[in-house]
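Sharing a structure with you now.
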Amino acid sequence: MKKQHKITLSLLAAAAALAGCVAAPSSVDLDRLTADIVKKSFRDQGIVKVSVLDTDETNRVCSAADVAGKPLEADIAKKIEEANLKAVKWPSDGKFLGDWKEGEKLAQSGRGLTWTDEATTPNGGNCYNCHQITKAEISFGTIGPSLYNYGKLRGVTDPNAPAAKAIVEYTWGKLWNTRAYNACSNMPRFGHAGLLDEQQLKDLMALLLDPKSPVNQ
Amino acid sequence: MADPMRIRAQAAGDKATVRVLMAHEMESGQRKDAAGKIIPAWHIQEVTATHNGKPVLSAEWGPAVSKNPFLQFVVKGAKAGDKIGVTWKDNKGETRSDEATVS
Amino acid sequence: MRMTKALALMALATLAGTPAWAQKSAAVQSIEEYRAMLQDGNPSELFEAKGEALWKQKRGPKNASLEQCDLGKGPGVFKGVFVELPRYFADTGRVQDMESRLLTCMETLQGFKAAEIAATPFGKGEQNNVTALATWLAAESRDMKLKLPQSHPQEKVFYEVGKRLFFQRGGPHDFSCASCHGQDNTRIRLQDLPNLTKNSGDGVGFAAWPAYRVSNGQMWGMQQRLNDCYRQQRFPYPGFGSDATIALATYLGVNSQGSASVAPAIKR
Amino acid sequence: MHLSRRQALKQTAVVAGLLASTGLFPQYAFAFNKDAFEAKSIADTLKALGASGLSASPDVMLTAPDIAENGAVVPLAVSTTLTGVKRLLVLVEKNPSALIASFNTSDSVESAFSIRAKMGQSSDVYAVAVMNDGKALFAKKEVKVTLGGCGG
């Protein structure tokens, strides 16, 4: 612990020297110090490796905006959204909807990818943690908007009809990579990050869009 | 040795409300360990209470009482300065007794 | 009595019936009544008693008590220290929170190996004693207002680092602390989420830990609270008493400056 | 010698433990009713306790939350204004074994007890007063058990 502290302090001193002053460290110094502290503070545990903290440009830009307390510049946000939209993979067989019953199970589960999970633990969709979905489940979160009547409210009576095409594709894109539509969304990128596979995403699509799903009752 | 209980006994009128917290695992016997083996039930089985040494309450508990159990009861005729004693005994034969003064 | 109030609330709710429009809030209200029912009889009292005894007991290779431990207001002062941590300590040259400071005292006064305790998993061996001590010390500052010092440059630096950690997105889910704790009036499932980017008020967020967790019957200090947040964030494991955890705690504590600490609390 | 509170309590415990084992509390030499606590259903539990004829009574009271945020700790209070009560029971119908606790009533304590129970799932909870003649009178309430957290 002592050793770690010395490194931290000397880094600060070096940073201050670089800045050519003895005043409070600059934002850049603090960013560097934070990265240094992260490196020393976190370790691998179970299936989680420290490398999961090596994140992409999309996250870095959003985190920096959050620290600054300012929303992203419109053009930067647009660039991030375009890059993420380009990364969306569409269903290989052209079919968008699976089984809503399987989708409901996924929506209920918040498991997977923590250091107390096994590599074989199936990932859940975590959906109810943040969204209202069916009327029956009263234990739902409110970080995201309510998805109750998601398809019905958007006029989807037949998900295969041409009239439904735009909303079906948007929903797929949103699940695959939410940052394609909202640069700094809080939602995980389920397809992009490999959290759920194509079939699982289809099942969630069915939960949201199938007229028979309890979501649309 | 089991950790001490926390007993609070408060007089109001001609009776005293007693609240007890007991430090106990209360293992249900329903859970499995990492290897998939059932963790055997381990729970408080008998609870008794005394008022100035005279027995006033006895109860039997199963493994579905919550961990670190809470119990509340009301002793008739107890006043400030009286002693309330509580004893538990678990299914492994371990026992613990503590006493509190009614305030 | 709190219990009586909860019962009265329940009676009221029953009388009023459940109008259709109130269905969502009725669930939330029921949960609030449930929580109120638990307030009377918080098992954290068991840990407080244990912590107080541990403070006075001669233990460790040096067979000494912790009664000369300096938690920031001089050796032996235990009233009011909890609401002024984390703070900078000149003897270690570090900003320390309650739990890391207790490790320092256990090493210097009692001869325990701080690194060994830090490496011990939560809920095992000496870790249980650290939690009990922190629980008792929190109780010795119950209802006092948070006033973390921010005069030493390192304390200011830790606040700034903590802020950056709070907003750091990463892991497979892109989560940061702010993903869940960056807005007002949100929930995960039925669990209310305090907005930790600002003062979250008396007894909320930072001002509520250590707390007894009814879901697993465990007493958790702030270190374990932060550790489990990082687990659910799908982040790697933050070392016990590591600078990242202390910087984050500094950020949370300073943001809630002036709010009253209700710890040790009782939680889901 | 200075004794800490904890040490003092420990010594009290030892003394009380000795008292208990010397049989100073003869009326508590009751045997734990294993059959009652291992019975699955409420009916079997009552049978094991020698009670019968379960019927609802407005004189038996049960206080329980509508929703428990966590099944690990569900606060329950049972009471009765009846006289001639032998014991008061707390039962959770859908638990692996229904009986949670059994309180023997006496003239020295009110017939009102609060306790906290584990519930595996949403279920009806029963307060049952077993009368001296073996009749069983009950009050019941449904308690919903929800998942409060992330489910991870």
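The first chain written gets the first letter, and so on, giving A, B, C and D; residue counts start at 1 in each chain.
Assume a residue touches a chain if its C-beta (ideal position, glycine included) is under 8 Å from a C-beta of that chain, and two chains touch if they have at least 3 such contacts.
Bear in mind that the values here come from a model prediction, so they are computed numbers and not experimental data.
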Partner chains shared by subunit B and subunit D (touch criterion as defined above): C
Chain pair with the higher count of C-beta pairs in contact (B-C, A-C): A-C
Gap in Å, rounded to a whole number, between the CA centres of subunit C and subunit B: 28
For subunit A paired with subunit B, centre-to-centre distance based on mean C-alpha positions, whole Å: 47
Interface hub residues of subunit D, defined as touching at least two other chains: 6, 67, 72-73, 75, 114, 146-148, 150-152
Where subunit C touches two or more other chains, by residue: 27, 49-50, 188-191, 214, 217, 232
For subunit B, residues that touch 2 or more chains besides their own: 4, 26, 66-67, 70, 72
Interfacial residue positions of subunit B with respect to subunit C in the complex: 3-6, 19, 21-23, 25-26, 66-68, 70, 72
Contact set on subunit D toward subunit C in their complex: 4-7, 63, 65-70, 72-73, 75, 114, 146-152
Of all residues in subunit A, those that touch subunit C in their complex: 1-2, 4-5, 8-9, 12, 24-25, 30-31, 33-34, 37-38, 40-45, 48-50, 52-55, 59-60, 62-63, 66-67, 113-116, 126, 128-130, 138-143, 186, 188-189, 193-195
Subunit B to subunit D touching residues, read off their complex: 1, 4, 15, 26, 28, 30, 45-46, 48-51, 54-67, 69-77, 85, 87, 89, 91, 95-99
Complex interface listing, subunit C residues touching subunit A: 24, 27, 92-94, 114-115, 118, 153, 156-157, 160-161, 163-165, 167-176, 178-180, 182-183, 185-191, 193, 231-232, 234-239, 241-245, 247
